[in-house]
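Lettered A, B and C in written order, each chain numbered from 1.
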Amino acid sequence: MELRSNIPSGPLQQKWDKHRFEMKLVNPANKRKYHVLVVGSGLAGASAAATLSELGYHVSCFCFQDSPRRAHSIAAQGGINAAKNYQNDGDSVWRLFYDTVKGGDFRSREANVYRLAQLSVNIIDQCVAQGVPFAREYGGLLTNRSFGGAQVSRTFYARGQTGQQLLLGAYQALEKEIAKGGVTMFPRTEMLDLVVVNGRARGIVVRDLVTGAITPHMGHAVVLATGGYGNVFYLSTNARGSNATAIWRAHKRGALFANPCFTQIHPTCIPQSGHYQSKLTLMSESLRNDGRVWVPRQKGDARGPGQIPEEERDYYLERKYPSFGNLSPRDIASRAAKEVCDEGRGVGPGGLGVYLDFADAIRRLGEDTIRERYGNLFEMYERITDENPYRVPMRIYPAVHYTMGGLWVDYNLMSTIPGLHVLGEANFSDHGANRLGASALMQGLADGYFVIPYTIGHYLASTPLEPVAPDAPELRDAVRNVENMGQQLLGIRGKRTVQSFHRELGKIMWEHCGMARNAAGLEEALRLIPAVREEFWKNVTVPGSGAELNQSLEHAGRVADFLELAELMCRDALHREESCGGHFRTEHETPDGEAQRDDSRFAYVAAWEYQANGAAPVLHKEALQFENVHLATRSYK
Amino acid sequence: MALFWASTVGKKLVMAVTGLLMAGFLVTHMTANLLAYLGPDEINAYSRFLHTTPEVLWPARLVLLASVVLHAVSAYQLSRTSARARSEDYAVHRLQVATIASRTIRWFSVLLALFIVIHLLHFTSGTLLPGFLEGNPYANIVTGFQTQRGMAVFYLAMMVVVGLHVYHGAWSSIRTLGLSRPKAHPLVRPIATIVAIALWLGFSAVPVGVLTGAIRPAGDTTYTAHAR
Amino acid sequence: MRLTLRVWRQPAPNAEGRLVTYTADDVTPDMSFLEMLDVVNEGLTEKGESPIAFDHDCREGICGSCGMMINGVAHGPMKATTTCQLHMRSFKDGDTLTIEPWRAAAFPVIRDLCVDRSAFDRIIQAGGYVSVATGNAPDGNTLPVAKGDAEAAMDAAACIGCGACVAACPNGSASLFTAAKLSHLSHLPQGQPERYRRALMMVAQMDEESFGNCTWFGECQEACPKDVSIDEIARMNRDFWMASLFERDEKVSTGTG
C-alpha cells in the first residue's frame, strides 16, 4: 500500500490557499442530499457537525455520553494557542509552526502543522463571536498567558476552564443546528463497527446504550472524532469513558494506525493515592508559569517541605534547562521528574512526586493574584489531597495525558479508507512525537471548523457514491459482527471483572511502554499482553444482558480493544529504535540523558496495517520531508 | 400577554407585582392601626375620611381584591406545576438553606386567606363581632380583643404568619422582578427583614395594647367617642 | 472505614425501584465517592450481581455527568463539589448513606442512579447560543469586552449542566440552569442581538419540559458545584419581562432590517 499524503505542491505558506481553490465544491442545492455521520461530540466532532450542517449537509452526530456537552475536551484547563501576536512579543504563524514542529521533535508533517498555525487565528475569532468568555485586559481586549515549549505569550484562556468554554461554544453551535433540523443527535450511542462498501466508508453500526439495540446508520461519509487512547494505561488523565473502540474497529476494517507508541506523559498531575485509584487528575501546565519545581538534594529526605532550607533544594528544571526552566516541554519535564524520583529524591507517599512550589510567586505577586490566576485549580487540588497549596507546595507526578498517535490521515484528514475522515486527537497528524501545551484544543477546532468542511466537500464532489441497499452483505456482516462480540462477552461468565483486566493491562503498559522504554521491557510486554488477552476472553465476567443499560458490557468491549491496541503500541515502540518526544528509548539517549533522535533511519510516520487472524501487522512508512525547518536537536537549555 | 400568563416566570411576575401592592397596603394598614395608641379620635377620623372618600376607597378595594385573586390563582397554579415537576420525592431530602418562611409559605397562605375572610367579617362587616359599632373602629378594636380573647390570640398568631409571608414574599418579589443588584450573599435580605418585623410588631401592637390595657375603652379615658 | 449504603436500584426506566442495602468495607478517606462505588461494584460483579449503574466520565468535576443525592443532599455534603470530587474523608466510619438518583419529572430514571437529562439540551436548543455560523467572525479584538462583563459571563458560563439545581429544588425547577446560560450570553456584547428573544424562548422551553417554578428557596445555589448564583435567576426574570412587556426582541429584529 502506498501512503499518499496528498500534500499540495507549492510554497508552504500557499499550500492551503491553493488547495482550497483546487478542491471541488458541492453545489449548495446538492449538499442536503449528502448525509455525513460524525462520531464524537468533542471540540473536533461538535465543531465539524455544526459547521457541516451550516453548510447544508445532513448530519448525524453520535456520542456515548448523555449529552454532547460532556465530551472530554471539556476538561482541558490551560488554554488554546493562536498566532495572533496580540502581545507584540514576536509571535507569528511561522513561529507557531516552528514551535509545534520542534515541540513534536520533528515527527510531524510540515504542511499540516503550517495549516494548523494559520487557522489558529481564525479559531479565536470564531470562538469570540460565539461568546466564549476569554480572559480580558482592563481595556477590554483579549489577554494571553505563556505556556510550556514557547517563549511568546500566545495562549488564550478562560480561567482554568478553557476546554469547557470552547466546547460549550461548539456545543451551542451544534444545538443551534439540531434545533434547525440539520443535525440529528444520538447521545448515549456508541459506534461499534464501520461499514465499508466497495472500499469506501459508508456507515457505522452503533449500540443504543439505553436499550441495547444494535443498528446500522448509513451515509456518504464518516467522520471519526472520538479522541485518544490514553486509557490503555488504565490510569490516565482521560475521562473514564474515553476509549479507542471507534478508531480501533475502523483500523480492523482497513484504516492504518500511525505512530501508536507516541503517547504524552503530562508532568503536572496529582500523584496516585491508593490501589482503588480510578483516574489521575491533571493540574494545568499553566501552573508552571508561577510554580517552581523542586525536590530535596538529599536522597530520602523525610523532612516536610517547609523544613528544607533553600540551599538543600534542587530546582532541577531551572538547573538543567536555564532558558526554559519550569516551562520546559512536557516530555522533558516528565522525564526529569521520573529521573529524580528514580534517584530516590521523590516526595510524598511511595516517593512518587515532586514539589510544585508557589511560595516565591505568592511573595512576589501576592496571594490574591495567584488566586485569580489559578484559584479553581488550587481548590481542586485541596479537594483531592486535603492539602492547602497556598501554604504547602503541591505534590505532582507525571501521568499519561494525550496520545499523539492515531489513525493515519492524509492532508485532507482522510484515512486510508476513502470516505473515513478522522479529526482531533483520534488522528495522528499534527503533533509529531510530542504535543505542546494548549495545542490540542487548537487542533480539534481547526480540524472541525476549518479543515473538514472543505475537504469533505471535495471528497463528496469527486466520488460517485451509489446508494447502499439495506440488505447489503457488508452491512449485515458488520451488524452480525457487533452482535456476536456482545454475545461472546456476555457468554463467558468467568471469574474476573473487566476492571481487573484493565488494571492489569495498564500496569504492564505503564511499566514497559510508559515514560521510558527499552527493548527488553517491550519484548516482555509483548509476551504478557497476549496472555492477558487470552485470559480475558476465557475468564472475564460481564453481568446482565445486552438488551439494557449495561456499563460492564460497554467497558468490556473497550477493554477488549485496548488489549489489542496495547500490543500494537509496544510493537511500534520496539521498532522505533530512537528516542523522540514522548517516545524515550533508554538505549538511545545523549550522554547528558536527552532524547537521541535518529533522523537518518526514523524520519517517517509508522503506519500499521491490521491483519486478520492474529497475523502480525504490516508496517508502512510515510517519509517526512522537511523543506522549511532544519532538523535540529531539540534543546531547551 | 397570553404567553406571559402561560409562562411560569410570567405568573411569578404577577405574584411579585400583586404581592408588593399588598405589602404596600399592609404597611399603610399597620400605620393606621397604630393611630389607636393616639386615642379614638385619630383612628376614627381616618376611618371617616376613607368612608367619605369613595374615590379613594373603592379603587383601592378593587385593586386589592384583584391583587388577592391574581396572587392566589397564580400561586395555586404554580404550586400545582411544581408538585408535578417533583412527583416522586426522595427517601431522604435535606434542605440546606431554605428558610422556615419559604418552606411554610404555601400552607400558611391558605391559612392567611382564611384569616382575611374572618378579619373582614370581624372588623369590616361586624358579622362576627357582637356589639359592632359602624364607623367606630376604635370601639370595635377594644371590644373585639377584650371580649373575644381567643380571637386576640388568633390574631397574634396570624401576625406571625403575616411576618413570615412578607419576609419571604417581599424579598422574593424583588428578586422575581429582577430589581435586586447582584450580591455576594444573595440570600441576605435586610429590607425584607425590616419590613417583615415592622409589620409583625406593628400589627401585634394593637391586640397586645388592648390586652395589656394600653389601649383602653373610650369611656375609661378623658376622651369621648364621637357618636355618629 | 466501613459504611452502610442504601442505594436506589431500578432495572429499567419504567420498572419498580427500591432502596437496597449494601456494605462498603475497606473504605479509605482518600478515596473519591465514585471510587468507593467502583469498589462496591467490583464486589457485586464478582458475586455475579449487577453493579450499580451511575453516570460518570471525567471524574475531575467538569463534565457534569455524575450526580446523585447523598443523604438527601445533591452531590453530598461538601459545598461546591461534584460527586466525583467528593472524598470519603467527608464521612465517618459506621455512617449510613442513602444514595438516590436526581428526582424530577423532567429527569426520568433510566437505570439505578442514571437519569435522562436531555431536557437541558432542548433548553439550549431553544436559544442558548449566538447565531453565528463558522467563518463569519471578525477579528477577536474588534469587540472589546469590559473585564467585569467577561468575568460575570464566565461566572455564569461555569455551569456544567449536571442537574443538581433541579435535583435539590423542592419545586424541581430548572431556573438556575436556564438563567446561567442566559446570563453567560447576556453579559457579553455578542449575546445582545438575540438577548430578549433568547430569554423568551428558553423560558418557554423550560416550562415545556415540565420543570417547576422558582420560589427562591435558594437550594439550587447551595447545591451548585460551580457556585452559580441565584442572582442569575433575577436577571433572567428581568430579561423575560422586558422581552414580553416591551417586545424588546421586535425592536432588535427591526433594527437589523
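By our rule, a contact is a pair of C-beta atoms (placed from the backbone, for glycine too) under 8 Å apart; a residue touches a chain by one contact, two chains touch by 3 or more.
Everything numeric here is computed off the predicted structure, so don't read it as measured data.
Taken together, the touching pairs link the chains end to end in a line with two free ends. Nearest to the common centre of all protein CA atoms is the CA centroid of chain C.
A straight line joining the Cα centres of chain B and chain C is 37 Å long.
Chain B has its Cα centroid 63 Å from the Cα centroid of chain A. Computed from the mean C-alpha positions, the centre of chain A lies at a distance of 27 Å from the centre of chain C.
Against chain C, in their complex, chain B makes its touches with residues 1, 3-4, 6-13, 78, 81-98, 102-103, 105, 168, 171-172, 175-180, 182-183, 186-187.
Across the complex, chain C meets chain A through its residues 11-13, 28-32, 34-36, 38-39, 42, 44-46, 48-51, 53, 55-65, 78, 80-81, 85, 87, 89, 110-111, 114, 116-118, 120-121, 124-126, 128-141, 143-147, 150-151, 153-154, 157-158, 160-161, 184-185, 187-188, 190-191. Those residues of chain A that touch chain C in the complex are listed here as 47, 50-51, 54, 65-72, 74-75, 84, 86, 122, 124-131, 133-142, 158-159, 161, 163-165, 168, 171-173, 175-176, 178-179, 185, 187, 210, 237, 239-241, 273-274, 276-279, 281-282, 379-380, 383-384, 386, 449-450, 453, 493, 495, 497-500, 541, 543-544, 548-549, 551-552.
Of all residues in chain C, only 6, 8, 19, 69, 71-73, 98, 100, 103-106, 152, 168-173, 200, 203-204, 206-207, 210-219, 221-223, 229-231, 233-241, 244-245 touch chain B in the complex they form.
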